[in-house]
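Given below, in the form of structure tokens, are the structures.
Next come two complexes built around chain A: one with chain B, the other with chain C.
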Partner chain A sequence: MKILIISLIAWLLVFFPARADDALYVVVNAKNGIENLSHHEVVDIFMGRDRAFPDGNKVTVFDNSSDTETRALFYRQLVNRSLAQVSSYWARLQFSARVTQPREVDQRQALLELMNSTPSGITFVKSTELDPALKVVYKFDP
Partner chain B sequence: MHKFVAAGLIGLMFAGWAHAETGVRFSGFGSLGAIYNDSDNLGFHRDYTMDAVGQGWSTAGDTLLGLQLNAEISGSFDAVAQMVFKDRVSNGLSDNLEWLFLRYRPNNNWAFRAGRLGLDLYMLTEYRDVGYAYSWVRPIPEFYNLISSISRYEGADITYRRDIGELNFEAKLAFGETDVKLEGPEQDVLLTLDNILALTLSLSGDDWLVRAAMAQADTSGTNADTNMLLDALRAVPVALWPQAGTLAQEIAFEEMLSRYYALGFQFDDGQWIVQSELGYTKSDWRLLQPYVSGYVSVGRRFDDLTLYAVYAQVENTREAPEIELPASLPYLSEPEKNALLTLHQAAQYSYQASRLAQSTYSLGLRWDFYEDMALKLQWDHSEIDPKGSSLWVRAYPMGHDDRVNLFSVNLSFTF
Partner chain C sequence: MIPNRQKLYVKVAVAIAVGAFLAAVVACLYFFWDARETKLREVKNQLGQIALTVQKTASVALYVKDVELGKEIVEGLEVNDLVAGALLTADSGDWVSSRGFVADDVLQVLEFDIPHPFFAGEVLGKLRLLPNNEYIQSRATEVALKQAWMLVLQSALIALLVSLLVHKTLTAPLNRLTSNFENIKPGDNNPLSVPKYHAQDEIGSLVRGINQLVANLNQSIEKERSLRQRTELLERKFRLIFERASAGICLIDPGNHVLVANEAFQRLCGTESIDNQPALSHWFEEEAELARFFDELRGNANLNHVEMELQLRSQQSDQLKWVHCLFSKVEDSTQTLIEVMMYDITERTYRERMIRFEAEHDPLTQLKNRRSGERLLVDMMRKADQTRTLMGVLLIDLDKFKPVNDIYGHEAGDSVLKTVAERLVKLAGKGITIRWGGDEFLIGIPDVDEDYNKLRQLAQEILVQISRPVAIRGSLSCEVGASVGIAIYPHHGHTLEALLEAADVAMYEVKEQGRGSFRIGRISSGAA
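Then we have the complex of A and B:
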């Protein structure tokens, strides 16, 4: 019985390493016409390759830096890179003047206000930060 | 040092402006670097626009500061200004203005720029001073020294990009002109490039990039020694040395066509970073003879540490031409003979003075120890042909035994 419980716990740890509400969501302004994005489209938008949504409308990226762990997890799941690597990548694009680095927003409340007032806005949040003013267009598997 | 004070002041001005306007963004990058050079003969510089650093420790060679201003004018128009302060050969404030351009991007596919621009010729040319953006302490000298010296220009370019499936294709066409003050191996040179025409093609996936570029320009230049040599050659009576006039034409540096070809490859899967470039430069000017250059760099990341090794080489593709002795020599009086021999020697030396032949082995370490900051250590060992040291600034005439070690410590950052 003991062995069974231990293996059950081990199995749970392996297959459910994170709680379901630790998932990350890519969100846009609730009025945005986009319903969902593919992983590739999310990568292109957040890594500065696309300046528009698939429907041609302008996109404004807000880099949610209110919590370093969340941000690290986001880029790990997005492009499998560390924050230092992402930062070095942006240094290349920003200072060769190709693309302007997305604005980092380090206050949750400010981020929500910006997302509310920017129809072209896109960012990523944890499940606890979801809000009726935000529309989920992509969800990372936790 | 006064340059950095000026930099600080301009930085403050920019920052003030950035806060006053919306849609205006101020950012910057820099490096604090120290180089130890163990050669008593060869001074090192990252490119010819910078003063060389001689034997011992120096902080001038790699220390620089860049300030950038991005201004969103409307949805499709924006403007970018970038100033880079470093130990330049020229001292005018406007020489520190790296770029200043207006850009029009009607959609995601097209971009048009005009103003002072970066020539996007080799993989790093547009961010060569942004140490934080690459593993090495500096762009590989064998490949970048010469091209970095001439890779900003006044003109315009057109970029077209599109997705091909999951890949990204980009083509860029650029045209313009530039002039620049350089520190050559033995003296300063003023260089002018007219009718620059450059085409860059690149294809990239998530982990890799391949690119090809070609460019051409009408190149002119002046320096004191060459002018003296030219005057002397042109003054030789035709009867004494009939070839002297032709020789002067080959040495004179006016509107000589030069062509540049480059291939590049980069792979980075988050763990391994492999990068290689190969270039060929061809010129009608006798003093810049055709050469090939290339490097291979392999790096491996361990969390915040990146270890890397590089091999680089540059070589002229043919021997320097031998100038025939004047046929009249045996019939001349001793003073005339000596004068002509000296002139012959000077002309022959000018063919050798800018020869390139060297290879470098480098080992280095990058440590991303803090947000937006990286500390780097690098060791470069260069083996230089006695007649091939023109990437360096020589303290003595060439022919010296030349194995040079550089040790570099560098802190790169962005803000």
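Then we have the complex of A and C:
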């Protein structure tokens, strides 16, 4: 079994080298004082528990839904849940006054603009979408 | 009949009922407790499941600290009958609780961990459930009670069935058997019948055993009855023998008192009743000897039967009765009795005495005749030998007797002889007087003195007395004389013949010398 998994990974590395390099990054506005976030902090922010950065500044979450595949990978890596499970999670909190689902942004350009204009913004992007206006605070292991 | 409460089937039924009741009580108690425990465990399990149901939502609510959602969860839990109240706690402490949750009942509270929705192994808080104990208990009790009742019903049913079965298969046949058994009369030969379907089991063998027993009993009763009849017959015969016997029969106790006696005995003794009589020995002339004899008979193991002739004092007359008695020892279990058989031999005894007297005596003079006289003389000689004394014989021959006979007749002679005999008996004293021949008499005298003086005096007196006149008829009388020859034993001979010879010789010498005198025989040269 182990050998099978190892050979599968090797196979993936040989035929999809670009994909393997295609890591996901959690980014904030470049002007944000936060330099680094832990995985735990990222989860709490994205899943609605914390509405502020560890330094106390307000946080505004944008859910990057421009690419379903990337989004699915993000939630898989973040909380090991499928997109359906994540929607179900939010559905439970639908009538809560306190917690709201992050705003979904399905245009890359629009997302970039929103990030630029919102100092408290936070989102996730692929490596190809990284921009000088964005500051990486957490990087998922590929 | 046996009272009802002692009857077997009642006993069995009561025993089964009591046993079933006890078993039911114990089983009910156990099952009641067990059912309650099971129910309580089940409820606890159910509470766990309920907690599991809300776990995910609670986890989300706790994660985002959504009070609304939390409240919704705990209040939703409280709706459940089993839950009295619910409380959600976070790391920081109690978070949201339902109204029914009262924190003071800490012991009963069930606690469930609420995990982190995203990170396995992390615990966000706890869900505390307060079980609705009242409801749970009442439910558990209800269930347990239902089970207990079922058990009671079941036990009662089983007891009833077992009772019926026992009654049907065991006690009812036994009961029938018992009532039949009570109707059995000893001697009747109608055995019990084996109840249907019980030929092979214990009841069947019991019946056969009873029949066997009854048959045996009947046999022995029959045997006993015929034996008793035989005994009665025998007893009647024996009683007849005892009662009608001509011999007097009685039994005397150790005090010599008469215990039982037959009619002949009473007739013999002339008594009306044997009660309150003196000891038997007093009834006889030989009183003292008899009392001693009784003691000896009882004491001597070798002595069993003794015969003797005794003189019985009749209670009605002064006359004595001669009785032949047979005494036999009868060993009773505790004491030694003596059986006495008596025959009246009075008449026989008198007849015997008469015959003996006639045989030994001269019918005319009533003196001893010559034959018995010789025997008496020999006895006297033996006695003299033993006592070393002397003994004398006086041979007396009447003189002038023949003329009396010739002149006055035989009757006159007879009366002379009688008179002489009477006179001689008087003179002889303790000596014996014998009519030796026709007109010859002989007197034997014991204890003669050494010099014969007394003997000489006696001889002289004899001569005097004989020569006195003898009255024969009316005023007519006559006179006789006597010649006496004397011999002394053992001086004149060692045998009677020698002695008599010596006396005879002496007497003839007197006759030759003129009669009317006496002479003592000479001691011959051959004699001692």
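Here is the rule we go by: the second predicted complex is superposed on the first by the 122 of 142 C-alpha atoms of A that agree within 3 Å, B and C clash if a C-alpha of one lies under 4 Å from a C-alpha of the other, contacts with A are read in each partner's own complex, and residues count from 1 in each chain.
Going forward, a residue touches a chain if its C-beta (ideal position, glycine included) is under 8 Å from a C-beta of that chain, and two chains touch if they have at least 3 such contacts.
Treat the numbers as computed from the prediction; the structure is a model and nothing was measured.
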{"item": "Simultaneous placement of chain C and chain B on chain A, clash or fit", "value": "clash"}
{"item": "First, second, both or neither for A:95, with chain B first and chain C second", "value": "both"}
{"item": "Which superposed partner A:49 touches (first chain B, second chain C, both, neither)", "value": "both"}
{"item": "Chain B versus chain C as contact partner of A:87, first or second or both or neither", "value": "first"}
{"item": "First, second, both or neither for A:57, with chain B first and chain C second", "value": "neither"}
{"item": "Chain B versus chain C as contact partner of A:79, first or second or both or neither", "value": "both"}
{"item": "More chain A residues in contact - chain B or chain C", "value": "B"}
{"item": "Listed stretches 24-32, 60-68, 78-86 or 114-122 of chain B, narrowed to the one that overlaps chain C", "value": "114-122"}
{"item": "On chain A, positions contacted by chain B and by chain C", "value": "40, 43, 49, 79-81, 89, 92, 95-98"}
{"item": "In the complex with chain C, residue positions of chain A that touch it", "value": "40, 43, 47-49, 79-81, 89, 92-93, 95-99"}
{"item": "Interfacial residue positions of chain B with respect to chain A in the complex", "value": "25, 27, 29, 66, 68, 70, 72, 75, 78, 80, 82, 99, 101, 105, 107-108, 118, 120, 126-127, 130, 132-134, 163, 166, 168, 206, 270, 301, 303-304, 368, 371-372, 374, 414"}
{"item": "In the complex, chain C residues that touch chain A", "value": "57, 60, 63-69, 117-119"}
{"item": "Parts of chain A lying in touch with chain B, wherever the complex brings them together", "value": "40, 43-44, 49-52, 56, 58, 79-85, 87-89, 91-92, 94-98, 100-101"}
